[in-house]
Amino acid sequence: MKKKIVATLLTAVMAASALAGCAQKVDPNADTAASKEATEETTQDATKEEAKTDETAAPEEKTIESCEIEFWHGMSNKQEEVLTQLTDEFNSSNEYGITVTLVNQGSYGDLSQKLQAAAAADGLPDMAQAYNNWLNPYIDKVVDLSDFVATDFDNYDDIIEAYRNECSEFGFVHALPFNKSTYVMFYNKTVLDELGLEAPKTWEDLTTIGEAYVEKYGNAAWGVDDLAGFVEASLRQNGEGYVDATGALFNTDGGLETMTYIMDLYNNGLARLVGEDKYFSNVLSAQAMLGYIGSSTGASYITADGWELGVCPVPSNKESAAYCAGTNLVMFTQDSNKQLAAWEYMKWLTSAEATVTWAVGTGYLPVRTSAYESAEYQEFMASDVTATAAYEQSDAFFTSLASYDASNDVRTAVAAKMEELILDETEPQDALDALVEEINAQF
Amino acid sequence: MEKKSMKGWLYLLPALIIITVFTLYPLIRAFSMSIMLDYDMIHNTFTGYGLENYQKVLSDKSFHKALGNTTIYAVVVVPCSIILSLLIAAMINGTKKTKGLFQTIYFLPYVTSVIAIGIVWSWIYNSRYGLLNSIISFFGFDPIEWLNKPKYALPALIIFAVWKSMAFNIMVFLAGLQTIPKEIYDAAKVDSTPRWRVFLRITVPGIAPMIVYSYIMGIISAFKVYNEVYSLYGGKAGPADSAITVVYYIWKKFYQSFKYGEAAAAAVILFFIILAFTMVQKLVRKFLSR
Amino acid sequence: MDIRIENLTKAYGDFKAVDNMNLTVGDGQLVGLLGPSGCGKSTTLFMLAGLTEATTGRIFFGDKEVTKVAPEDRGIGLVFQNYALYPHMTVEDNIMFPLINRKVRKDAARQQAYEMAKLVQIENLLKRKPSELSGGQQQRVAIARALVKKPEVLLLDEPLSNLDAKLRVETREEIRRIQQEVGITTIFVTHDQEEAMSISDQIAVMKSGVVQQFDVPQSMYLNPCNRFVATFLGTPEINIIDVEVLGGTIKCGDVVLRTGVDVKNGTYKAGIRPESFTHRENDHKYSVNSVRMIGRDLLLHLDMAGRDVRAITHSGQSITTGDTVEFSVRESSIILFGSDDKVIGKF
Amino acid sequence: MKSTKVSNLVLDILKFTILILGAIITMMPFVWMILSSLKTSSEITAIPPTFFPKDPQWSNYQEAWSRAPFLRYFVNTVIVAVGSTFGVLITTVLSAFAFSRLNFPGKKLIFSLLMATLMIPGEMLVITNYITVYNMKLEIGETRIMGIDSYGALIIPWIASVFYIYLLTQFFMQVPDAIYLAAKVDKCSDWKFMWKIMLPMNKQAVVTIGILNFISSWNAFMWPLLVTNDPNMRVLSNGLTQFQSEAGSDYQLIMAASCILVMPIIIIYLFLRKYIIEGVTRSGLKG
């Protein structure tokens, strides 16, 4: 009976693949061009022409029929409250009768999986919140906003430069920045004062302060929430490149210097992995460490009772580089009228007024430099150390390149590899070689 | 049995329709995806047929690690869980007044939210104040960093998984134990059978079909382990991906690297491994029953 | 090994399944516990087996008190109503199982099992599974399993109830033969009075937990101690009629049944066995309501003062419905019951 | 005679200690869940976390309940759980009866094929099923039966499970053939035999499957989130995402919400529990 089962299953596989094969349309140009990049170019030009024709057709005075825009997002509790408030304000105030419906798709993981499923089923929403490395497989379904930005956006240069770069990574403006955060150094100011030391500004400070703390308290001083981001930031702080479509760029002396700095922090017991404690915010709240580099949005999860929380920019070296994170607003709808309506909403969300309300309400960062300088935000910064620290390093913002295919893999591979190297207490040179090899293996 | 008739198919029809549409069709698509090169699920395009996906997956060392972890996991968790569940189910079935109470308690893990289980077990495993280490140090061993050190990742996962999978097995065995007529236990008593022999020669053979069921279902779900890793390590695959499992590997290939063909190939390889393990059981049973 | 039961009671709350029972079974005797369902006979058996705990009272096997002893230590063999064979074991394994538990070596156990199988004539079924056997065969396996460990006492719980009529007669003879051959003290529970009377040395008739009478079948049939025992034994059933005693004559309606009886005047219940009617000239004429052929006898339904009465006569005669027959009642075969249903005397 | 008495006592004591010890370890997460639902967030994330809350925060429940339309979620979850359980029971009983009792060509083949479908991880199939459901729009009047945001999409894919068919087949096979043949003899149709004899005889197995399926569809998280956009169609477990964000989670609220989620299951379970333990009514047949 057993042999019969295996036989039947094998025949099922062969029959099915033949059946499924012809059922799907074999994409002719995918065959001939053979390379993935090629397909991407051809589809992009197509969407660009399409957008242009809309532009010229619609006269200067825009007429948008009232319509409903579906916006998929992954915001929850406090952030969802503020987003709903801004959206209601838009729905009531816009003169075209546009109503934006917010659809909460759970965590970022769930949102990315759902976008992928919707893309496969040709059922993408009108608009969504997305990281760049989610978009690689269906970038051809993203609406090109270059013309919208060129003709119908007040002062695009007011947007923080790092965000502008991130939003045009795919060769055209594919998004507008939305919930941006940066990695800052949270530390126990009381303990630092007791040690009679200042907040760390350079790599050396980290080492000296760390040694003083370890000597006095015994457990490791520093920690990092996102290892991959920390490695990229440290390389940039040492004037080195990180990774691009060709592979790892830091197999250089500068790269070795950076790896030595990082590995020494861990091998000498100055820094530790989060391991079983899951979030450093818990460890810092329990005063079991001196400080850690984490996302500015994590500030609300630190409870500083009995000590004062200090926040400062990420310590730098030759240059300063602050790792940014956060998603952008992306448009999918192919209906020209809805595109205009969605654009109105995107403009509203990135307007100076809305971005300040958003930043003050959620702890994310304003997307415009003018917003930083606005009176309301300056007053907010006076009372919020995290915002101040983020602002101080805003000129050094950078985001990790995500437009090459293996970007998602590199991000998780580097994090896992670094953990392994740290747990094995590897020597810097071996660590560098292993990391470079691991990154290149992802291509 | 009366002559062969088509009536059986009529009874199967409702289930068959649903299973064909929502399980068989996707399964066939997965099989076909596995031999399509550069398959892009979003645009439903591919560049030809071949076995490159299988070669890539079979040569990928993290797949080897995943397969190694998963096989050790399945080979250890399933038997342990069955033996422990059998003992506890038999004990519960033996009690009179407190049977309902114990049956309810041992069923609780099945209804507790996965998040709560994950948090509590990461507390049990904590190297400094965890319950497990306090027991270990009570017996004079030095504490183990269960969740931090890669080499303890798999043992920690296995202990957690045995605990989690017992609730279902106990329930199935308790249901099975009720099918054994009470007189048989009286007859055994009259034949002055020692309790361990009652367990081995009457209780166990009495619910042999349930044990086989739990074994096969255990193997299938053990090889598809993913949620346990997710809830114990909070989304990560253990320290430095040391507790990566095949389904975790498939999930990453599918939803992170967008390499659908390779994910499908890994799934097909897993399929044949599970098939082999479940068929081994039939050979063992034939051997035992001779 | 004789069995002594002393004021044994089993109560579930205030319902007494067995009520203050006293019984002694001689060594090597086969005693039938007879009674309608729910009379406590099985409960008594299970108390003897130790599977049910007695509420009060004591049980002795020989001179050893076993009331509180666990079943496995009482040296008893028990055959269940539906045999309770181990379904997944072959017949041989079933029979060997008690021996294995007594640490008998495998080959010796196999040999003893074979002997016992031969005794109950199922030696050709050793490799089969219980589900493949007929009711009768399973029943014998159960007996073999009970006897193989050479118990001191054999207990059978309605062993024949699941067999068809013909097999039932055969098997009860088998049980009797095996019991005699092994010479083991046996108690078996049944609700079939014919079965009990045919193979028991002594019968204990029970009703709602109380032993009505404990006697040899023959004398219990002829002189039952009360109306219940009288009606329970004998097929076709004894006639119970209302009679009036006036000046030494027993009359049922206008029919004179017996004269010259020294019994206080009054109305009584009387029991007359169908076979007590004999043909005698110019005695009272009874008209025949119906006739039924049962094997070697004829069952007549007669009209006695308006009441239907059963009589048995040999089947040679040609009697049809509507005829009249002259019958009289044999000497000392009218059983008079007092108001408390106890037997006053036989006339 | 004395020895067995003593060893039995020791065995009993050993048995109860193991059972009680096991019970404590098994209950721990459940007890911790309930206790944590009354803690403050700092108590939960403290290192080492406190076991008993200093002063119970009943407000957690109130805040958790207010964070999402849990009443609407509750109604949806009941509809989905009851719907899918009802569907599963019907398809499972029919299929298990076919596999255990009826003789038809290709029986072994189709059973092996169904078993094979279990051997592919669900993560591989979910996107294909999403596409299938997405393209299955079916509206009668203005209520949507199938397609995204419909009860059909939430229930129908789950009303057949090879997992339960295989389990119930095992139970149906326990019923001796003699009973089936006896019923056949007095001209009882397969259909009547299944409902009148097979089902009542395996009542507690069917109830066990009903409870298991009810619980798994009650706790389903991924599929309901995938096939619904409209918040009015979401289920209880989707409500939990309200308390998580990428930087951290309000564990005390998650625990409170989880307790709200689990209470109905516990109540239904306690109500049906006696069916599971109650012995199977053995027919008069022997062997």
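Per-chain numbering from 1; labels A, B, C and D assigned in written order.
Keep this in mind: contacts are C-beta pairs under 8 Å (C-beta built on N, C-alpha and C of every residue); 3 or more make two chains touch, one makes a residue touch a chain.
Here the structure is a predicted model, which is why all the values come from computation and not from measurement.
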Of the other chains, whose C-alpha centre is the longest way from the centre of subunit D?
C
Maximum inter-chain contact count - chain pair:
B-D
Would you mind checking which chain's mean C-alpha position lies nearest the centre of all protein C-alpha atoms?
D
Subunit B-subunit D separation of Cα centroids, rounded to whole Å
16
Cα centre of subunit A to Cα centre of subunit C, whole Å, reads 91
Indicate the whole-number Å distance between the mean C-alpha point of subunit C and the mean C-alpha point of subunit D.
53
With chain centres defined as C-alpha means, what is the inter-centre distance between subunit A and subunit D in Å?
38
For subunit A, which residues are shared contacts with two or more other chains?
5, 9, 12, 113, 116, 120
For subunit D, jot down the residues that touch at least 2 other chains.
4, 47, 113, 116, 127
For subunit C, residue numbers touching 2 or more other chains are 70, 72-73, 82, 85, 87
Going by the contact rule set out above, which residues of subunit B touch subunit A in the complex?
28-29, 31-33, 35-36, 38, 40-49, 122, 125-127, 145-150, 234-235, 237, 239-242, 252, 255-258, 268, 275, 279, 282-283
Residues of subunit A defined as touching subunit B within the complex:
2, 5-6, 9, 12-13, 16-17, 19-21, 24-27, 30-31, 34, 36, 39, 109, 112-113, 116, 119-120, 136-138, 140-141, 273, 275-276, 278, 405-406, 408-409, 412, 416-417, 419-420, 423
Contact residues on subunit D for subunit A in the complex?
41-42, 45-47, 67, 108-109, 112-113, 116, 126-127, 130-131, 134-135, 148, 222, 225-226, 229-231, 238, 241-248, 250
Contacts from subunit B onto subunit C in the complex sit at residues 181, 183-184, 186-194, 197, 201-202, 205-206, 208
Residues of subunit D defined as touching subunit B within the complex:
4, 8, 11, 15-16, 18-19, 22-23, 25-30, 32-33, 36, 47-49, 90-92, 94-95, 97-99, 102-107, 110, 113-125, 127-129, 132, 156-157, 159-160, 162-163, 165-167, 170-171, 173-174, 184, 190, 204-205, 208, 212, 215, 219, 240, 251, 254-255, 258, 261-262, 265-266, 269-270, 273-274, 276-280, 282
